[in-house]
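You will see two complexes here that share subunit A, one where it goes with subunit B and one where it goes with subunit C.
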Partner chain A sequence: MATIRKKKSLPGLLIGGFLFYMLLPIVATYIFSIATRWDRSILPEGLTLEWYKVAFADRWFLIVFKNSLVLSFSTVIASIVIIVPTAYWVHLRVPKARALLDLLSILPFAIPGVVLSLGLIRLYAKPPLMLARTPTMLVAAYVIFTMPFMYRPVVNSLKAVNIKVLTEAAQSLGSSWLRTMGQVILPNIMPGIISGGLLVFATIFGEFTIATFLVGARYKTFPMQLVYYTRRDGRIASAYSVISFTIAWVSSLIILWVAAWGAKRTTSGGPKKEKELKINSAGDQS
Partner chain B sequence: MKFFSRKPTRKKNWWMDWIPILPFLIFCLAIMILPLFYMLKGSFTGSEGQFTLDHYAKMGASIYATSFKNSILLSGVTAILGVLLGTVVGYFICQLKSKRAQELVIALCDVTSNFSGAPLAFAFIVVLGSNGVLTLALQKYLSMDIYPEFSIYSFSGLILSYTYFQLPLMILLIIPAIAGLKNEWKEASLGLGANTIQYWRFIALPVLSPAITAGLLLLFANAFGAYATAYTLTEWNYPLVTLQLGFLLTGEVFRDPGAGDAMGILTLILMGISIMFYQLSVKRGSKWQQ
Partner chain C sequence: MSYLVLTHLNKTYDGTTAVNDFSLQVEKGEFISLLGPSGCGKTTTLRMVAGFETPDSGSIHLDGEEITSIPPNHRGMGMVFQSYALFPNMTAWNNVAFGLRVAKIPTAKINNRVNELLDLVDLSDDGHKYAREMSGGQQQRVALARALAIEPRVLLLDEPLSALDAVVRVSLRHEIRRIQSALGITTIYVTHDQEEALSISDRVVVMRQAVIEQIGTPEEIYIQPQTRFVATFVGTINQFSGIMKDKQKGLVTGINGDWELSIAQISQGKIPEGAPITVFVRPEEIHVSKIDKSADYANSLQAVLKTITLLGPVTRLNLDFYGQSIIADIKTVDRHRFILNKPVELSFSREACRIMSDDDFPHDDD
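The block that comes next holds the complex of A and B.
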């Protein structure tokens, strides 16, 4: 009996320690952002919303927030437009190209943001092109960078529903390609597109590295401003961090929720591999 | 079944099927493949356009060699820490009686694996900076001064903050493998007279080993390519490969492009090998999870 009791306390201790390690930095940052002062005492000296007011009052806040939103939305849309029809077509008609697409979509995992930026700048920053340092190029780089996040869930959804049969049925009933795609295929792979899109959105909203190197101060983003404040004003940095964290965890929770919803819809359990696609998300932002 | 190949014209124009995917392939070529090839070419090209190995020879110079050493050390240590702790914690998460608690902890891993980069680095400054919450608490209640031996802005701080995003990743990776360990295997082995250690040594660990290998490789690559966390904490003061590349990249005038190319190519080789073997391990491990 004694050993059983000992065994019971060890897992509890380990999981407790794990929770402490994972939660403390986040919780502390949330509290820090509403504390009057918390750098000379154990507990915050008082509570205030002053730092958010200061952060919002700065004219840069709206600019960088808007820029990051524009980048994130543009990337999600570009990513859907480029990847979804291709993945659909390949699974329907060109099975030979599947291996090539799988390879291309896993490749970005092996390319750090710094290296991708380096390559793009070396190739496209010289005259006459001068394309490398534009927001458009940044979105293009982001589509590559987040390709695994969009491609995997979309492919999993495509596999979960029998697109061949659906397409044939739609066509034999006289539906055009566009209509088949929009009214038959898209609704069926929606869970994949939504989780992929949210993951891309959250990743790009927090992306610092590629943005710094490609556009830098010409097109300041939210994470750039956050890094700027970590060196100048910890108060404002804490407000920025809280906003960043909140966007990241809300997106993650919606993704989990959509995955559960998708699994319920397609009883074949298609999106169960959704976990796999998250696997690199940490590194991509870091 | 062969709905589309029924038309006789299909066979003749099989390449027509490839046309709709050309835009995607061209996009990948332009934004991903060509830039990397251009780097490869640049890494072998001297200032007069001649072939040279000088840029790679330069990698032996102290700053580059130190960067590679530090990056490999940081990635290796945090990968091993992440795999060890992640496997143990993952195992105990699977042992949790309450399904609800299990789901909550896994959701926490999901969420925290998305926390990284600048906000995470800042969160660690709040907790363990020189006036951090935990730094002060340790000072007051345990009269423990963690500074200057520990510093969040140094190697020890990088290890702590990198492990933060490595750990949940490993847990997400290992839990399906642990869930694949069948209770019958344990019962059968114990019934046949094996003890718990033998069960782990000869049954559980071999079954988990593909996932563990995959985790080591993925976590290594994950840390090696990371930039924002390290940059926020140390600026460019701590030599890491990605920080060094970032330093070469800043400014309109490119400092030593050849060295940048060579360093980028070496990074790609290292990461490419890790990701390739990671994929192989995942494939090998998936057979246990049917």
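The block that comes next holds the complex of A and C.
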């Protein structure tokens, strides 16, 4: 009996341990951000919203918040404009290049941010393109850096709907490329674009390394300000972290919601032999 | 000049010939089927007409105008796909309206036309539904309405019924033919289902390995197959390998001399005496009876009944004839007259025998 009970409780224990391990730092950050002092006692000495007040009152808060939003949105838009048509065209017209694109799309994972930024600075510090240390260059680097996050969901969406046949159907009805893309393809891969966009957004909003190396203090971002406060007052830094977390979590919730919505939309279409399937399954039972 | 003229079309993919020297003339309002096993080039041919593929050589003329290199969105061809290809983000109504909106037709006219077409395919109450809310048969009817909406110059259907179950398949194919006749629209229909091709078409083009085997009316294809492939691919047929023994009397014997068949003079063609030939006989042309009961047929053979398979109104008998299997179809109501493993008599007329020489395959009749 005892051994059976032990076996049963093992998965629960593992899951509990995992959740504890994952959530502890986050919960601690949240509590730290509203604690008056929490370095001399086991529990916080008191609770306050003072650190949020300080964070919001900082004249840099709105600037870095705006800068990070601008960077994130610009990157999302640039990567949609570049990656979506490319993925569509490759899937429709150059299926042989799919493997190459798949490989390229995971390359950013293999290159550390530091290496990427130092390389870019060296290349773009000289004419003709003097882009080093500009936010434009940062966005360009971010598009590369976050390519897998946009490319994967878009490709999965393209695979889920039969874009080749849909494109041909639209063409046979007289539709131009632009109209086919806008009215037939985009609406059907929208769940992939949205979830890719949110992944990119959340990643860029919290990105520190590349931003620091490429533009540094010339264009202060939210994570830079957060790092600045970790050196001054951990409680204000915690308040910043909580704001950043919140943005990331809201993004994730939207992704999950969009994914569920997309799944509901695309589990349709394809040819089905409903009656035959029914007959077959009835036959199996007998 | 015919309405749609395909002249010497060729198409090769990576060294594999998909379509080889395909020529066809289609009259206005005609219903043509391209029939053949998968990979025979029928779909590639259709896609060249649609403009999705460009032929390596050859030309396509529609109503006197060359359209070989015109892009698909300027050809005015209505296309129906095997996978329906309804736009998942649009209702049935909007799917049908899509081509009309592209053509910038006034809204009031679009409304009338879409309602008219949904009515034509018997879906007037389902315009608000999305593809995922409809059965395969309904989806394909919407796709048909969508293709017809633009009043296409030619209607192209690429195996439109292959994904549907048997009952829907038969009813929808009659519906397609009914609508096609009513609108008088020139149609090319690709299928691998010979029954479908025979039942629906004005003319059938049988293809194999990128080339045309035979072009003819369904009756010509079934009754007078011109090649061994057409004879065996379209319908079921029995084959007797023998030798042309006596041209004068029209006698063919088995290779071992164990049987003799009498064939019609007209089907002998240019085959010399002594040449190896195959005699083809359709199962439904064989009259099956108990021994010594038949009389009026030129040919009669004795075989042993091996299996009886009920197919519906017809029952198929599988018989053993000198180690070779022969198929004969009888009326199901007559099936109790026969006993397994007992000898029966198979008789058929001279005219039921179609012969092809084994030497100059494919055999050209003159």
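The criterion applied here is as follows: the second predicted complex is superposed on the first by the 263 of 286 C-alpha atoms of A that agree within 3 Å, B and C clash if a C-alpha of one lies under 4 Å from a C-alpha of the other, contacts with A are read in each partner's own complex, and residues count from 1 in each chain.
In this text, a residue touches a chain if its C-beta (ideal position, glycine included) is under 8 Å from a C-beta of that chain, and two chains touch if they have at least 3 such contacts.
The model shown is predicted, which means the values in this text are computed figures rather than measured ones.
In the superposition on chain A, A:S176 makes contact with subunit C only, not with subunit B. By the touch criterion stated above, A:L49 is placed in contact with neither subunit B nor subunit C.
A count of residues in subunit A touched by subunit B and by subunit C gives the higher number to B. Contacts of A:I121 after superposition on the shared chain: subunit B is touched, whereas subunit C is not.
Once chain A of one complex is fitted onto chain A of the other, the partner contacts of A:L62 are absent, as it touches neither subunit B nor subunit C. In the superposition on chain A, contact is made by A:P187 with subunit C only, not with subunit B. Contacts of A:V90 after superposition on the shared chain: subunit B is touched, whereas subunit C is not.
Of the two partner chains placed by the overlay, only subunit C lies in contact with A:N162; subunit B stays clear of it. In the superposition on chain A, the residues of subunit A touched by subunit B in one structure and by subunit C in the other are 168, 275-276. Looking at the complex, you find that subunit A touches subunit B at residues 11, 14-15, 18-19, 21-26, 28-29, 32, 38-42, 82-83, 85-86, 89-90, 93-94, 97, 101, 104, 106-124, 140-141, 143-144, 164, 168, 202-203, 206-209, 212-213, 223, 226-227, 230-231, 234, 237-238, 240-241, 244-245, 248-249, 251-253, 255-256, 275-276, 278-283, 285-286. The part of subunit B that touches subunit A in the complex is made up of residues 3-4, 17-18, 20-21, 23-25, 27-28, 30-32, 34-36, 38-39, 42, 85, 88-89, 92-93, 95-96, 105, 107-127, 131, 133-134, 136-137, 140, 162, 164-169, 172-173, 176, 218, 221-229, 231-232, 235, 242, 245-246, 248-250, 254, 257, 260-261, 264, 267-268, 271-272, 274-276, 279, 282.
Against subunit C, the residues of subunit A that register as touching in their complex are 161-162, 165-166, 168-176, 179, 183-184, 187-188, 265-276.
Subunit C contributes residues 50-52, 71-79, 81-89, 98-99, 102-103, 130-133, 135-136, 139, 143, 146-147, 150, 156, 163-168 to its touches with subunit A in the complex.
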